[in-house]
Amino acid sequence: MGKLEQDFATYRARMNERVLAEDNRVIKRVYSVDSLAYAEEGALPKQTRELLGLVASLVLRCDDCVKYHLVEARSAGSSRREMVEAMSIGLVVGGTIVIPHLRRAVEFLDDLEAQAGAGDSG
Amino acid sequence: MGKLEQDFATYRARMNERVLAEDNRVIKRVYSVDSLAYAEEGALPKQTRELLGLVASLVLRCDDCVKYHLVEARSAGSSRREMVEAMSIGLVVGGTIVIPHLRRAVEFLDDLEAQAGAGDSG
Amino acid sequence: MGKLEQDFATYRARMNERVLAEDNRVIKRVYSVDSLAYAEEGALPKQTRELLGLVASLVLRCDDCVKYHLVEARSAGSSRREMVEAMSIGLVVGGTIVIPHLRRAVEFLDDLEAQAGAGDSG
Amino acid sequence: MGKLEQDFATYRARMNERVLAEDNRVIKRVYSVDSLAYAEEGALPKQTRELLGLVASLVLRCDDCVKYHLVEARSAGSSRREMVEAMSIGLVVGGTIVIPHLRRAVEFLDDLEAQAGAGDSG
Amino acid sequence: MGKLEQDFATYRARMNERVLAEDNRVIKRVYSVDSLAYAEEGALPKQTRELLGLVASLVLRCDDCVKYHLVEARSAGSSRREMVEAMSIGLVVGGTIVIPHLRRAVEFLDDLEAQAGAGDSG
Amino acid sequence: MGKLEQDFATYRARMNERVLAEDNRVIKRVYSVDSLAYAEEGALPKQTRELLGLVASLVLRCDDCVKYHLVEARSAGSSRREMVEAMSIGLVVGGTIVIPHLRRAVEFLDDLEAQAGAGDSG
């Protein structure tokens, strides 16, 4: 796990726990339908659904959501080239306003892979 | 071709022609990169890229863009169940604000299929 | 029920039925959490939650969602003055881009009240 | 005044009157600051400010706002080529999701000019 | 005042002063209508209007605006449970793209309350 | 070059290089049409087109894009008063949700000018 990914995952886990501790039924159900949407079974492969979540996140310009789906798409088997191509669709649809988010996404991909490489040699 | 699809396709073709007749180089190049993004060859199948375009369009709530990608995804081989599942990702990511667009998308799908059925029996 | 409200309600009911007939679990659950969010019981009165839904819809510029929450807020007891004040918050937060949606919202309010008046005299 | 422009202007005037009749101070002041922003005097020429309003409206994908600023930019002296170039910036920044709005903007420009021509010969 | 709130309030005050020092009439009037919208008197209680501002800010995904309205809603008497419920409406309307902003909002609420508690014991 | 501008420019250049190293044709062409849109020649002066890019970036609330166009507009000859006036249009169109981005834009302008002043005395 890379530095950027680690920071993101730690904060995300800690605060999701705090959010769910509010004990609000609506919030809990939204979290639950979110899990369901990317579950293993479905008409489309999980890998494709993660790419759909990635592109939706990119055009809505949510960096944390992009990071999350990059991690998930990668662990579902998507190659870097496929993830970048998926993001290129988001860039065309969403315009140059997406570019700063694309830069951060590529930085995050670099972080993921550098650390994965470091892990391999460990 | 269904009634809704026909109206959409006719208006779209007529006005794209008018837009390109402005002879603005930037606009022409955006149209051209748009075609390139959904071209046959790529790291991801065209069918997947059309679904990515569909979800991006849905969360950005552009009815005409949704229609376009439904037509394209369908002709690239996506089943109704796959297109609806792709849109369900858009609904989760984009929230209930997406629902009115989902209703119009399903109406358009009905139109596409009713007419396809009618055509089959013709 | 006014002409605009009638058209909206009829289309909405018909297409929601079609959407749910897709038998997609994620979509069904989003519809269900949507109902839960505006249910009777809660920390805030239902009337307040309808106004929250109204303002969220207005700043996200979804005419159909605005219509829906105007109907619901009104039947939960909000006065026209309160609904308009709620929308004025949306106008300030969302900017002049909201104005065309505000015009359509006021037109819809006029329709709701004209018909309510007609009904009273019936 | 063209058919599209006429319909737009009539509805806009009628409903703005209704909106202001709500007698909500916040709404009135937003309308007033809107007028001030595009007033004659300023650091930038009114013509430039109308183009800024046009591009802001286009990337936020508000058809009615686009129409309004096309009318205003044109009457402040912008040529069709300049307005289209301004919109091409919006297309690049906002992405292909802007295309359907660009089509409607060009249709509106055609309407404005056809009628202007008709008027000249009257 | 908590650490997060302090940093936010300090930066906000300092930069608002710089923004207003530009001496731009349009900007000043927008600031002034912003104050008016959340003033004490109104058809709806100030507390409700702060919750409306909170939800509008959340669905438009503006962290700083969310922070501001959390501070204001709290000082107008809203309980944590009410603010969280208001945000749950924003989550449903705006979708999972809102989750990262909800995490930061809850972190900010924790900060506000921890410091309020510390203050009580001082 | 100021501290904020330096950090921004360094990160931007480094990551744009990484993004283009992905060797994705669609991404490359979007970068290329982006350059074309703000090229020297055009129906509108480059300075005006930079202000159009600035306002589009502001209403879409992209801080990095705002920074970029402030640098470009300034070097194309726009005065601070003109850039602020352009942003005031964005504030009116986009609403108070734009204010946090306006604060950061003014901070960036201060940084640009302080350093320009420092450079002059060097």
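For reference, chains read A, B, C, D, E and F in written order, and residue numbers begin at 1 within each chain.
Just so we're on the same page, contacts are C-beta pairs under 8 Å (C-beta built on N, C-alpha and C of every residue); 3 or more make two chains touch, one makes a residue touch a chain.
Every value quoted in this text rests on a predicted model; they were computed, and no experiment measured them.
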{"item": "Labels of chains that are neighbours to subunit C and to subunit D", "value": "A, B, E, F"}
{"item": "Smallest number of contact steps required from subunit B to reach subunit C", "value": "1"}
{"item": "Interface residue identity across copies subunit B, subunit F - same or different by half", "value": "same"}
{"item": "Interface with more contacting C-beta pairs, comparing D-E to D-F", "value": "D-F"}
{"item": "Centroid distance [mean C-alpha coordinates] between subunit D and subunit B, Å", "value": "28"}
{"item": "Between subunit A and subunit C, centroid-to-centroid distance (C-alpha), Å", "value": "33"}
{"item": "Subunit C and subunit F: spacing of chain centres that average the CA atoms, whole Å", "value": "38"}
{"item": "Residues of subunit E engaged with two or more neighbouring chains", "value": "26, 30, 33-34, 37, 56-57, 59-60, 65, 81, 84-85, 88-89, 91-94, 96-97"}
{"item": "Graph class of chain-chain contacts, one of line, ring, star, complete, other", "value": "complete"}
{"item": "Touching residues on subunit B, where the partner in the complex is subunit E", "value": "59, 91-98"}
{"item": "Subunit E partner contacts - residues on subunit D that touch it in the complex", "value": "25-26, 29-30, 32-33, 36-37"}
{"item": "Partner subunit B, residues of subunit D touching it in the complex", "value": "61, 80-81, 84-85, 88-89, 91-92, 96-97, 99-100, 102-104, 106-107, 110"}
{"item": "Contact set on subunit D toward subunit C in their complex", "value": "11-12, 15-16, 18-19, 22, 24, 26-27, 30-31, 34, 56-57, 60, 62-65"}
{"item": "In the complex with subunit A, residue positions of subunit B that touch it", "value": "33-34, 37-38, 42-44, 48-49, 51-53, 55-60, 65, 79, 81-82, 84-86, 88-90, 92-94"}
